[in-house]
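In what follows, structures are represented as structure tokens.
There are two complexes below, and they share chain A, which is joined by chain B in the first and by chain C in the second.
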Partner chain A sequence: MRRITAFHWSIVTAACLAMFLLSPLVLSRYLVFILNLLAIYALVSIGLNFVTGYTGQISVGHAGFLALGAYFTAIVATKAPYLPFYVILPMAGCFAGLIGFLLGIPILRLRGFYIAMATLAFGVVISQIALEWRGLTHGDEGFKVTSAFIGSFVFDSDKKLFYLVQPFAIVLILAAHNIVSTRVGRAFVAVRDSENVAQTLGINLSWSKTSAFALSAFYAGFAGGLFAYVVSHITPDSFSLTISIDFIAMIVIGGMGSILGSIIGAVILTGIQQLLGSLPEIQMLIFGVSLIIFMIFMPRGISGVISSLATATRAGKRLSSEQEAGEKGA
Partner chain B sequence: MKMTWKRAVVGVFLFLVLFWIETSAAAEVGVTSDSVVVGCSNSFSGPLAFCGTEMVKHGIEIYFRQINEQGGINGRKLIMKSYDDAYDPTRAVANTKRLVEEDKVFCILEPQGSSPVAATLDLEKQKVPLLFPFQGLPLPGRTVFTATTSYPRDAEIVIDWLVKTKGFKRIGMIYQDDQYGSAYLDTALKKLKGTGMELAAQESVKRGALDLSAQMVKLKQADLDVLWIVLVPGPGAMVLKEAKKEGWTKTKLLATGPLTDEKFIILSAGEGEGVWGFSVWPDPVHSQKPGVVEYRNLLQKYVPGHEPNRYSIFGYFFAKLFVEGLKGTGKDVTRGKLVEALEGIKNWRNDIILPVSFSKENHAAQESGFMVEVRKNVFQPISGWQSEKDGKLVESPLGE
Partner chain C sequence: MLIHVVISGIATGCIYSLMALGLTLIYKATEHVNFAQGDMAMLSGFVAFTFFEWLKLPLPLVFCLTLLFSIGLGLAMEFLLVKPAIRGPHFNVFIITLGASIVLQSASGLIWSHDQFPFPSLFPDKNLVLGPVQTDAGSVGIIATTLVLMLILFLFFKYTKVGTSLRAVSQSHRAALLMGVSVRRSFALAWAISGLVSGIAAFLIAPVVFLSTQMGLVVINGFAAAIMGGWGSFPGAVIGGISLGVLENVAPYYFPPQIKGIIPFAVLVGVLVIRPTGIMGEKRQRRV
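Up next, the complex of A and B:
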């Protein structure tokens, strides 16, 4: 039997990627819109995972960072219409990242439940500012977002937006995957596992925590910018506390401290909302029950289960190959 | 032989032309030979779940059920598809795209909420009719038809009634600091300016605030003839309680159209006696108008024991108006014909509200309401139907 090599895997990956990138040609506008939304939510949950899953600091206000990025993009795209999206979006991410960094400073003094309260308040305050600062945000009337463009090409449909959203999402997901394996990512995990041990290892706790908040906010802010272009009309109601809770549910279901888990969580939660949209009572029931089940029986989420299965399979293979080698030797 | 070949080509061509004519005539989205599919995104969970559920499940669906039992419209059954958006504009956009793209609905009927509806207004670009959304702002668009009296029109009528009919001089307002409150405040200021008056006092309230004592103290000092309450039921009820506590006796309290709701009376826990309001519907529980009686009978037939309310009557009434438009399209139903048929509706007598008329320029189903007073926890009419004509207040009999 021929072994599956890395070359085979890269062909399969390239084929899957090509199929994914060509999917708007066969999918309806609605499904393409959902794919765009999934990518955006996946980026927010990756951001939330940096702070909660990797660094162990809970945040209940991530819709606030999403709102910051969305409103920043909407306002800049209107006030400076000559700026292209590839300038505005990183700016939106950096703006949210800066606010995240500043929020991280006072949060250094807090622990557990109080961090949750502070971030919750942050989310509510941002939503309230968006509602009240009517001159800038148009309040609850909502902000009609100017379409993104590149030269004379305007991203004015869901299918066109797919080719704006997905490349950014893929790059940011790959970047996140790399970040968690660098010194920075390992420092986050050390802080989560034991602050005392992390300090002993020479990790700067304050720096790690604030940079986790900044990085997390950058991801959510960047996603917010994409969100503004995709939804095209934003109002404070788009960034309610419920949305922040949905993001927490995404990482609990998908898996804390896992990039794959963030994506799985975003897919599952958005999928449930869409599939059971005509059965709201069942939707709430499934949402609540599954959250309880995951927290009790699968605290590492679906990605944790996948990773355990993969480990068990690898261990099984190693055992059988050792047995084979033993039999041949005998 | 050559002639035969040519004839065959001509024959195939003619067949294709006829086939194209046939299919294009029957190919309107959401319409088949035996059904018309309509849909909406609405709140079935979240803060407005009660309104959404009543409107769709106990309003639109019961009326469609009756129509279908009678054989449908021109042999076509009416099918309603609805998805929950929990008052989240993003989910409203997703649901509406799903209805239009996947479910291929003929039109969007009675979605709910200013933000969710505003987020879906690009339907206009696709020529999908957006009919009778449950919200209070005037909406533009050739394929958009609005439902009950808009906030600015409600404000104009009430100001005229207070100033010209009742002769009040000192009018105050406590309003929610958002688009809803602004619509009333801006219209009131403009309308009063036209009569050489101004608001004697105005106080804003943040969304969700329940402690209104500071605002009420300031308003009491203004010595008002009437205080206009532009809030939602929770804070609105707090105004009544504060007024009672502070011993307001001289000042009349008045609720806006959206606040003139039985929930407001329930939350005020008996403190609502004597409060005025602006109602766009006859009392759904007590009115003896034939249209309201018919609605109650239908509700009892399909949902026995279910209490009538302002939301299910909204759903029922505008489903009925949609059907009136659908009948006007004839057998070949298209979106364009529906818009034209609705625009052709003149003086549609319905025995619930004033006769409805549309035109190319006017897509608002209702521009009127009547004043009510809470007596024994029920809104009792104290005026006929009030509407504006050429900037003047016109009163028509209530017909109870």
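Up next, the complex of A and C:
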């Protein structure tokens, strides 16, 4: 059998990417909308994974960062209509990131459960502010978002928005993939596994945690900006405590400490949400039960199962080839 | 007028204290954080409602049956959710109880719908005049019930053998085990008592805020109260709860009324940023 080389893999990847980017030509408008939403949730889920999966600090308030990004984008796009989306979106990400950084400085000195409570409170306060500060956010009437544009081309349909959302999502996912394999990403994991060991190895604990939090908020804020463009009308209840818990469910089900897991989780939860859109009770019940079941039986989520299966197959192969070699030797 | 507001604040605060107390009980014995504490109270409330409205049982009988149910609920949660994950990090148990909270909420929604139901109060609906102070019997009833419950818990922990063994477990699992205390049974017991407290809380909360599936969110006020008083401290849970209740009721007098909804969260963030150990908390050295 010929070996599958890196070259073959790159061809396969390129083909998949091309198929994905051409998919709006054949898919329905609704499915394209779902793909956009999925990319956004995948970004938030990756962001949350930086903090929770990689660095081991739980956040129950990520909908707050999504809200910051979304309202920032909506408000800036209205007040400064001359700014193009590719300026506003990174600004939205950085704004959320900055807030995350400032919030992280005091709360990340605390232990795990306090962080959960502080972030929960943060998320709720943000959605309350969005509800009450009517002058800025229009309260529960919601905020109509000005469509994104390049020159005279306006992204005013789901299929056009696909080409706005997906390139950003792909770039950010690749960036996340690189970040976690660099020194910074490995420092996050070291902090999660043992703070004392990490500190002994010369990792600055509070700096690592705070930068993980800021990075995470950046991803959520950027995703929030994309969300504003995709749904085009944002209301405070898109950013409630339930949404923050949905994000946790995504990374628990998909797999903590894994970029692929974040995407799998986002796909599964968005899928369930769309399939059971008319039965919110059943949907919540499934989310709750799967949180419990995954945490008890598969704490590393689906990607954990995949990677342990892969390891097992590889080990099995090695074992059988060693046996063959042994038999030949005898 | 202000004194009336303070008294009803203390009554609200007592409810928060009960939530905080339930959380602290479990935390002290097992070091687990139970996010579903409020939803346990909510479910007990709905069970009581079913006994009362559908089966037309008399209120005292309903009270006793519901408390039995809440104890059973606490035991079931411990057996089904916490025991299987006991070897994992505490983080996992927190996520599991978060899941349990969602499950209880949506399952109750399926059975009883998300409507609000009026809930019978244990106390007569009339005004009381105590010297210059005028207040309603409901508030006094809530405060009295909470005080009695706290006294019972205090005596239980201080003077009974089982209570002493629970305190031993909360200090060191290993030392307690060596002294012949069954740590497993103590875990179950802590959950059972916590269930009981949540059941009593249900009877006090539901008449005030109406019975609905959203009632479980009171757990967040419980967390705010427990953290404000000093996480892991019983007197702290009580003091934190009462101060939070008073603060919440008095603040709308001086600030715009929208502030009431934000207070528990502002308190949470404020206390955690300024003094994470709370009012009564002592600084704990972390073990390696």
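Everything below uses one rule, namely that the second predicted complex is superposed on the first by the 317 of 330 C-alpha atoms of A that agree within 3 Å, B and C clash if a C-alpha of one lies under 4 Å from a C-alpha of the other, contacts with A are read in each partner's own complex, and residues count from 1 in each chain.
Assume a residue touches a chain if its C-beta (ideal position, glycine included) is under 8 Å from a C-beta of that chain, and two chains touch if they have at least 3 such contacts.
A quick note: this is a predicted structure, and the numbers were derived from the prediction, not measured.
*Asks:* Does chain B (first) or chain C (second) touch A:Ser23, or do both, or does neither?
*Replies:* Touch status of A:Ser23: no partner.
*Asks:* Would you sort A:Ala121 into first (chain B), second (chain C), both or neither based on which partner it touches?
*Replies:* In the superposed model, A:Ala121 contacts chain C only, not chain B.
*Asks:* With both complexes superposed on chain A, which partner does A:Val252 reach: first (chain B), second (chain C), both or neither?
*Replies:* Only chain C; A:Val252 stays clear of chain B.
*Asks:* Report for A:Met284: first if it touches chain B alone, second if chain C alone, otherwise both or neither.
*Replies:* After superposing on A, A:Met284 lies in contact with both chain B and chain C.
*Asks:* Using the superposition on chain A described above, determine whether A:Leu37 touches chain B (first), chain C (second), both, or neither.
*Replies:* first
*Asks:* Which of the two partners, first being chain B and second being chain C, lies in contact with A:Gly142: first, second, both, or neither?
*Replies:* In the superposed model, A:Gly142 contacts chain B only, not chain C.
*Asks:* Touch test for A:Gly112: chain B only (first), chain C only (second), both, or neither?
*Replies:* In the superposed model, A:Gly112 contacts chain C only, not chain B.
*Asks:* By the touch definition at the top of the document, which applies to A:Glu132: first (chain B), second (chain C), both, or neither?
*Replies:* Touch status of A:Glu132: both partners.
*Asks:* Looking at chain A, which of its residues have contacts with both chain B and chain C?
*Replies:* In chain A, residues 128, 132, 280-281, 284 are touched by chain B and also by chain C.
*Asks:* Please name which positions on chain C make contact with chain A in the complex.
*Replies:* Going by the criterion above, the answer is residues 33, 81, 84-85, 88, 90-92, 94-96, 98-103, 105-107, 109-110, 220, 223-224, 227, 231, 258, 261-262, 264-266, 268-269, 272-273, 276, 286, 288.
*Asks:* Which residues of chain A touch chain C in their complex?
*Replies:* Those in contact with chain C are residues 56, 58, 60, 106-107, 109-114, 116-118, 120-122, 124-125, 128, 132, 196, 245, 248-249, 252, 280-282, 284-285, 287-292, 295-296, 299.
*Asks:* Report the residues of chain A in contact with chain B in the complex, numbered from low to high.
*Replies:* Per the touch definition, chain A meets chain B at residues 28-31, 33-34, 37, 128, 131-132, 139-142, 158, 227, 231-235, 237-238, 240, 242-243, 273-274, 277-278, 280-281, 283-284.
*Asks:* In their complex, what parts of chain B are in touch with chain A?
*Replies:* 44-46, 49, 81-91, 93-95, 97-98, 100-102, 114-116, 118-119, 121-122, 177-180, 206-207
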